[in-house]
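For reference, the structures are reproduced in the following blocks.
Next, two complexes with subunit A in common: one pairs it with subunit B, the other with subunit C.
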Partner chain A sequence: MGIDVTRTPRSATVREAAPAVPTAPSARRRRPGGARWAAWAFLAPVVVYLIAFYAYPLYRNVELSLREYTVRSFVQGGAPFAGLDNYRAVLAAPTFPQALLNTLVFTVTSLVCQFAVGLLLALFFHRHFPLSRTLRALFLVPWLLPLIVSASTWSWLLNSEASVVNAGLALVGADPVNWLTSPRWSLVSVIIANIWIGIPFNLVVLYSGLQAIPRQLHEAAELDGAGGWQRFRWITWPLLRPVSAITLLLGLVYTLKVFDLIWIMTRGGPTDSSTTLATWSYRLGFGNLLPEFGSGAAVGNLLILLAVAAGGCYIGFEHRRRLS
Partner chain B sequence: MSRPTRGWWRTGLGVMLTGLMLFPVYWMINVSFTRDQDVRRSPPHLFPLDGTLDGYRAVLGQQLPYVGTSLVVGLGTVLLTLILAAPAGYALAKLRPPGGGAIRFVLLIAQMIPGIIMAMGFYAIYLNLGVLNTVPGLILADSTIAVPFAVLIFTAFMSGIPDDLIQAALVDGANRLRTFWSVVLPVSRNAIVTVSLFAFLWAWSDFVFASTLAGGGAHRPITLGIYQYIGNNNQQWNAIMATAVVASIPTTLLLVLAQRYVAAGVTAGAVKD
Partner chain C sequence: MTRSIPRGRTVGAALLAAALAATAVACSAESPSTEAGGTYTVWDPYPQFTEDSDWVGLLKDCGTSAGVTVERTGYDTTDLTNKALLAAQQGNSPDVLIIDNPVISTLAEAGVLTTTAETNLDVSTMEPNLLGAGQSEGKTYGVPIGANTLALYYNKDLLADAGVDVATVTDWPSLTAALVKVKAAGKKGITFSAIGTEEGSFQFLPWFWGAGAELTALDAPPAVAALTLWTDWLAAGHAPNSVINNTQTTSWQEFASGEYAFSENGTWQLANAAKLDFEYGIIPIPARAGGTAPAPTGGEFISIPVQPDTGRYATSQQLVTCLTSGDNLLTTDTTLSYIAPVAAVQEQQVAANAALKVWVDAVKAAKGRTGDDLGTRYPRISEPLWTAVQSALSGAQTPQEALSAAQRTAASATS
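And now, the complex of A and B:
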C-alpha cells in the first residue's frame, strides 16, 4: 500500500538495500496458519489501544457535538439529543468566518514562508563548508524546544512595554508596534513565531532530499555550461518535487493542528483577531468559566474534516508516487 | 563526507544565519539572568551585565515538583510506547498479517488528528472514570502522540532486518516471542533509541493534554508551571524565562548526545504536534 510516512529518500535507500523485500514470498510459503496467529498476538495490544484511546475519544467527541450539554449533564449524563443544532449554531456564529479565514491565512502563510526559507537554507547547507554540520544541528533547536517555551519567549520578544523587537525597530527609526495587543498585528505575530518553529523541519527534510540527487547530474550539466540558476531550475527543482510535496503536506497537517502557540501568545485575541478553529474549539470547551462542550466538540470535528482532507491528499499523493 | 572546500565565507554567513535563528533562544537565556528592575528597561540590555540568579531561585523554590512530574510522565510515556509499538512493528514488518495494510493506514490517519480534539474526548471519558488529574491518566493521553509514529518507525526499521536471522532462530527451536525478544529487539536498538527520544520529548513538551486533563490537580507538569507563571498578574519574566531554560534541558541534551537519532527521526517523517 502506498501509505508509508517513512518513504523519504534516506529510508528508501535503506529499504532497497535490504534483502527483506525479495525474500518475503518464500518466507511466507514456509509458515502456515501459526504465523498468522502470532502476528495478531503481536498486534493485539496496539489494536486494542487504538480502539480504546483513539476511536473511543473520537466517538465521545462526536457524541458531545450532537447533544445539548450543560455542566451538570456533562458530569451526570442525560443530556438531550440535539442533532446538528451545535453545528448550525457554530456555523452561524460571527466567530466562524473569522476563525476559518484566520486558519487559512495562518496555514498558507506559514507553509509558504517555512518552505521558502527552509529550501534556501537547505541549498546553502548542501555545499559542505567548515562547521556546516554543527550549524545545521543548531538550526534544529527551535523545532525541538517545547512549544510553550518558544511561545513564551516570543511573547516576551514581542511584548508592548519594552520588547527587544520594538527596540530594534526604534534603532531604524520605526514606531513601536503593539504586536500582541492590536488586532492588526496579532495574527502576524503568531505567524512569525510559527514560521520560526517550522523552518528546521523543512530544512532537514529538504536537505535530505537534496542529498539524494545524484551529483553526476549537476557535474554533467556544469560541463554543458549550465549556470547555477539553470541547474536549480532544470535539475534540482524537478527532482526535489516529490520531497517538496511531502514536506508541504506534512507541514499542512501539522500547521492545522497548531494550538498551544497561539493560545499562549494571544489566546486568539484581541477580539478573535488571531482565533483559529483550534483555539476557538479550546476556548469553547475549556477557556470560559461556563464550558460549551457541545459547540467546542462541533468546531473540533470541523477541524478534523479539514485535517483528514489534507491527509487524504497526502496519502493519495504517496500512493501515486509509489505506483510510478 | 564533508569536504571542506575553501568555503570560509560560507561559514561566516552560516554563523550569522544561525545567530539570527537562535536569537530568541539567546534572549530567553539573557532575560532569565536579568534583575527584576531591569527586565522592563527600554532599550533592554543585550547582555545580563548585572546578572542575577533570582529567576533560577524561584524555579528551585516553586517549580521542582513540576519538573518531577514531567520526568515521571515522560519516562512512563516512553515505556508504554515501547511496549505497545515494538511488537506491533515486528508483526507489521515481518509476520505480515492480513489487514496489516489497513492498520498502517489507520496509524497514518491517527497522526493527523489534532490534539485538542483528542483532549476533549479524553476529558469526557476521564471525568466519568474519575481519573482526571492523575499521572497514569496523563501518561496514557500523552502516549497517543507517540504510538502511531513509533509503530511506523519500528515497522520501517524492522523491515530491514534480514529474514535469515529470524529464520535461524526459529530453526534453532526458539518460539516467536523468544525470537522477538532475543534476536529482533537487540538489533533494533537504533529504532528503540529514536522512538524513546521522541516519545519523551513530546510528553515533556505536551501542553494540550496537561492543561485539559491535569490542570487542576497536584500532579502538574512543567509546561503548566510556565503557563501559570505567565497567567499571574505580577509577571516575573526572569523567573518565567528561567523555567523555560530548565524546560529546554532535555532538548539540549538530545542535541548534544543523540543528534543522529534526531535527524533520523525527522527525516522519517516525524509530525510534531
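And now, the complex of A and C:
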C-alpha cells in the first residue's frame, strides 16, 4: 500500500549519492563484507517484525480461506484443501451482494462527506481568527474518544425509544424514526456516525496541507484581481491535490475496514441491512457459537483485495501526476 | 565515536535478548508439570471475580485439598470459546475449563474435551434437563456447575396502578390483556432482547418452545405463532421498537427506568433488581396455553480438556468433584448466584431464600439449547432463527415468510 518513493527522481539521485559516504577508503579496506553483514544485521529486526506480524498472518489468512476448516480440523489439524470453494460459497451467499453494496455505499458516502466537511472546516480555520485554535482543538475530540465510547453514544442518541434525536424531531413535529432498528435507516445511521468520527482526520491533514501553500501565491493572485473562489479553484485546489489524494486513500482504507462502530451500533442488522464485508467477516468467524473460519477468512481477503486495488489506483494516479 | 554507538546497541540487544529469554523461562515455569503437587490451571468466564473473591478462594481451597496449587484465569465469556480453541490447537489447554453450556457441543466436536466416563466424573445426581446441554451421542462432556434461566420481572407499583392482578397472567392471551391495560394506563408493556446475536435466540426460545415449536421445524405453525406474538406486540406498541437492538443489559436498563411493566431477564439480574427504586416481582414465562414455558438453560459446565499427559486427569477430577459436590456446590452457586443443578441443593437454596423458588421452578422446566441431540447443529439453526426474528420485528418480512426463509437456511446448513 506504500507510496513508492524510490521512483521519484529526487530520491533516485539520493540513492546514487548515498554509497559515496561509506566508500571512505579506510572503512572499506578494514572490514571487507563486514558492512554488508552489519547492514543485514540492522535490517534483521525489521524483517523479522514484518514477517512475524504482517507476512505470516496474511499467509495464514490466505491458507485459512483455501481450506475447509471445521472446529475439529482447526484444533486437530488436517483440514482438507478446498481450493476456491470458500470463495465460491461466499460469493454465492445471499448476504454477499447486500454486504458489497453496503460496503460501497458506506465507504463512498463517508469519504465524500468527511472530505467535503473536513475541507470546508480546514479553509475556515486557515483564516486565523480569535479562538480558532481552541475551536480547532474541540473539533478533534471525536478522534480522541475511544470508538466504543463514541459508538455507544451514537446508539443512545439514535435509540428508538426516548432518544435525543427523536425528541428533536418531535419538537419540529416529525414522526420518530427507528434509526437503528429499521432496515431503511440502519445504514444511514452508521454512516452519519462514521462521518462524524472521520471529520477530524480530514480536517487535520487538509489544514496542514493548506499551511504548506505559500502565502505569496495568494497575494500575487489577489493583486491580479482574483476573487475568493478563483483563488481556491486555481491555487488552493491544485496545490492541495497531493494531500487530498493521500487523505482520501487513507480514509478509504480506514473506512473499508470499519467494524467496531457498526458492530456496536447495529450488529450489522436488522437482517443484514447494515452489514458490510468487515462485519460479515467477523460474524462468520466469531459471531456464532460454531465458527466458520474458512468463509470468514475468505471475506477478509476480498476486503484486502479491495483495499489493494484502491492503493493501486492511487499509485497510478501519482505516477500520472509526476509524468505530467 | 561512531563505533561506540553500535556497540552500545549490541549491549542493548543482548540485554533485550536476555530479558526475552528470562520471560520465556518464566512462561515455561508456569506450564503444568507432571510431578506430584504442581500447578493446575483453571479458566473460567467470571472476570468480575478478583483474586480475593469467595469464588477464587473456593478454587484455591479445592486445590489445597487435592494437594496442588490452582492457578486461575478469568476470561470474558465470548472470548473464552476462542481462547479455548486456540489453546487446544497449541496443545496447552487448561486442566479445568468452566464454559458456557451451548459451547460444550462445539468443543466436544473439536475433540477438545474428555468425557465424564474417561475421567470418572460422577454426574448421576445432576438434573437430566441441565445435563442435556453437555451431552452428545450418548457421551457427557462435563458437569453443570449451576444454572440460570429466564423469567418475567414485573413492576409491582406499575401493575397496581394499571389495575392488573399478576396472578391472572397465566398464558399468552392473559399476558397480552395485561399489556393492553398497562398501555391504557399510559405506561409501556414489556421489554426484551431481540438483538441479532445468540442473545436474541436465547430470549426468543421460551416463547418458541412455549408454543410447542421444535428447533428442527422453524416454519411450523407454533413457531409462526410465537413470532407473531412478538411482532404484534411491537405493532401495537406493547413492546418498544428498541428491542430489535436491545441486549439483555439494555433491556434491563429500560425496565429499571420504571416505565415498563414486564421485562424478560435472567437470574443474573437479581443483584441489580435489589437496587431498583420500585417494588418488583418475578413470574415464570407463561406458555401459549398456560403453564410454565420451557426456557433455555444458561449457566456453565465444568469440564476437563484433553491433555497430552493423561496422568493429570486424576487430580483434575478431584478439583471438579470438589467444586460440584455437596456443600461446596451450594457455596459455588450462592457465589455465582446460580440455581444448583442438583435437586437436593436446590431445596437448600430455597430454604435459605424463598425468593429463589420461582427460579428453581423455571430451571426445572428449562431445557438445553444443544439438547435433543442437536449438538453443533444448534448454532446453525440459531443464526437463521435470530435473523428471522429481526426480519419480522423490523417489518422486512411477515413472521411466516421470515421463518420459512430461516428453515430453508437452517435445513441446508445442517444437512
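The rule is short, and it goes like this: the second predicted complex is superposed on the first by the 279 of 324 C-alpha atoms of A that agree within 3 Å, B and C clash if a C-alpha of one lies under 4 Å from a C-alpha of the other, contacts with A are read in each partner's own complex, and residues count from 1 in each chain.
We adopt the following convention: contacts are C-beta pairs under 8 Å (C-beta built on N, C-alpha and C of every residue); 3 or more make two chains touch, one makes a residue touch a chain.
These numbers were taken from a predicted model, which means no experiment stands behind them.
Engineer: Given the superposition on subunit A, are subunit B and subunit C in a clash or a fit?
Structural biologist: Subunit B and subunit C clash in the superposed model.
Engineer: Could you tell me if A:58 is touching subunit B, subunit C, both of them or neither one (first, second, both, neither)?
Structural biologist: In the superposition, A:58 contacts subunit B only.
Engineer: Return the chain, subunit B or subunit C, that is in touch with more residues of subunit A.
Structural biologist: For subunit A, the partner with the higher number of touched residues is B.
Engineer: Look at A:161 in the shared chain and tell me whether it touches subunit B only, subunit C only, both, or neither; answer first, second, both or neither.
Structural biologist: both
Engineer: Just subunit B (first), just subunit C (second), both, or neither: which does A:303 touch?
Structural biologist: Touch status of A:303: first partner only.
Engineer: Name the contact category of A:259: first (subunit B only), second (subunit C only), both, or neither.
Structural biologist: Only subunit B is touched by A:259; subunit C is not.
Engineer: After the superposition on A, what does A:49 contact: first (subunit B), second (subunit C), both or neither?
Structural biologist: first
Engineer: Applying the document's definition of touch, where does A:270 land relative to subunit B and subunit C: first, second, both, or neither?
Structural biologist: After superposing on A, A:270 lies in contact with subunit C but is clear of subunit B.
Engineer: Using the touch definition from the top, say if A:71 reaches subunit B (first), subunit C (second), both or neither.
Structural biologist: After superposing on A, A:71 lies in contact with subunit C but is clear of subunit B.
Engineer: Can A:146 be said to touch subunit B (first), subunit C (second), both, or neither?
Structural biologist: first
Engineer: Out of 38-46, 74-82, 272-280 or 326-334, where does subunit C run into subunit B after the fit?
Structural biologist: It is 74-82.
Engineer: After overlaying the two complexes on chain A, where does the subunit B footprint on subunit A coincide with the subunit C footprint?
Structural biologist: 38, 74-75, 155, 161, 286
Engineer: Could you list, by residue number, the parts of subunit B that touch subunit A in their complex?
Structural biologist: Residues of subunit B touching subunit A: 1-5, 7-8, 10-11, 13-15, 17-18, 21-22, 24-25, 27-28, 31, 39-44, 83-85, 87-88, 90-93, 95-98, 100-101, 103-118, 120-125, 127-128, 140-141, 143-144, 147, 151-153, 155-156, 159-164, 167, 176, 180, 201, 204-205, 207-208, 211-212, 223, 226-227, 230, 237, 240-241, 244, 247-248, 251, 254-255, 259, 262-264, 266-273.
Engineer: Can you tell me which positions in subunit A touch subunit C when the two form their complex?
Structural biologist: 38, 70-72, 74-76, 155, 159-161, 178, 180-183, 266-273, 286-291
Engineer: Quick check on the complex: what are the subunit C residues that touch subunit A?
Structural biologist: 6, 78, 81-82, 85, 88-89, 102-103, 106-107, 109-112, 195-198, 240-242, 244-245, 254, 376, 378-380, 382-383, 387, 390-391, 393-397
Engineer: Which of the residues in subunit A end up touching subunit B in this complex?
Structural biologist: Against subunit B, subunit A makes touches at 1, 3-8, 10-11, 14-15, 17-21, 23-24, 27-28, 30, 35-36, 38-40, 42-43, 45-47, 49-50, 53-54, 56-61, 64, 74-75, 77, 121, 124-125, 127-133, 135, 137-150, 152-157, 161-164, 167, 170, 196, 199-201, 204-205, 208, 246, 250, 253-254, 256-257, 259-260, 264, 278, 281-282, 285-286, 293, 296-297, 300-301, 303-304, 307-308, 310-311, 315.
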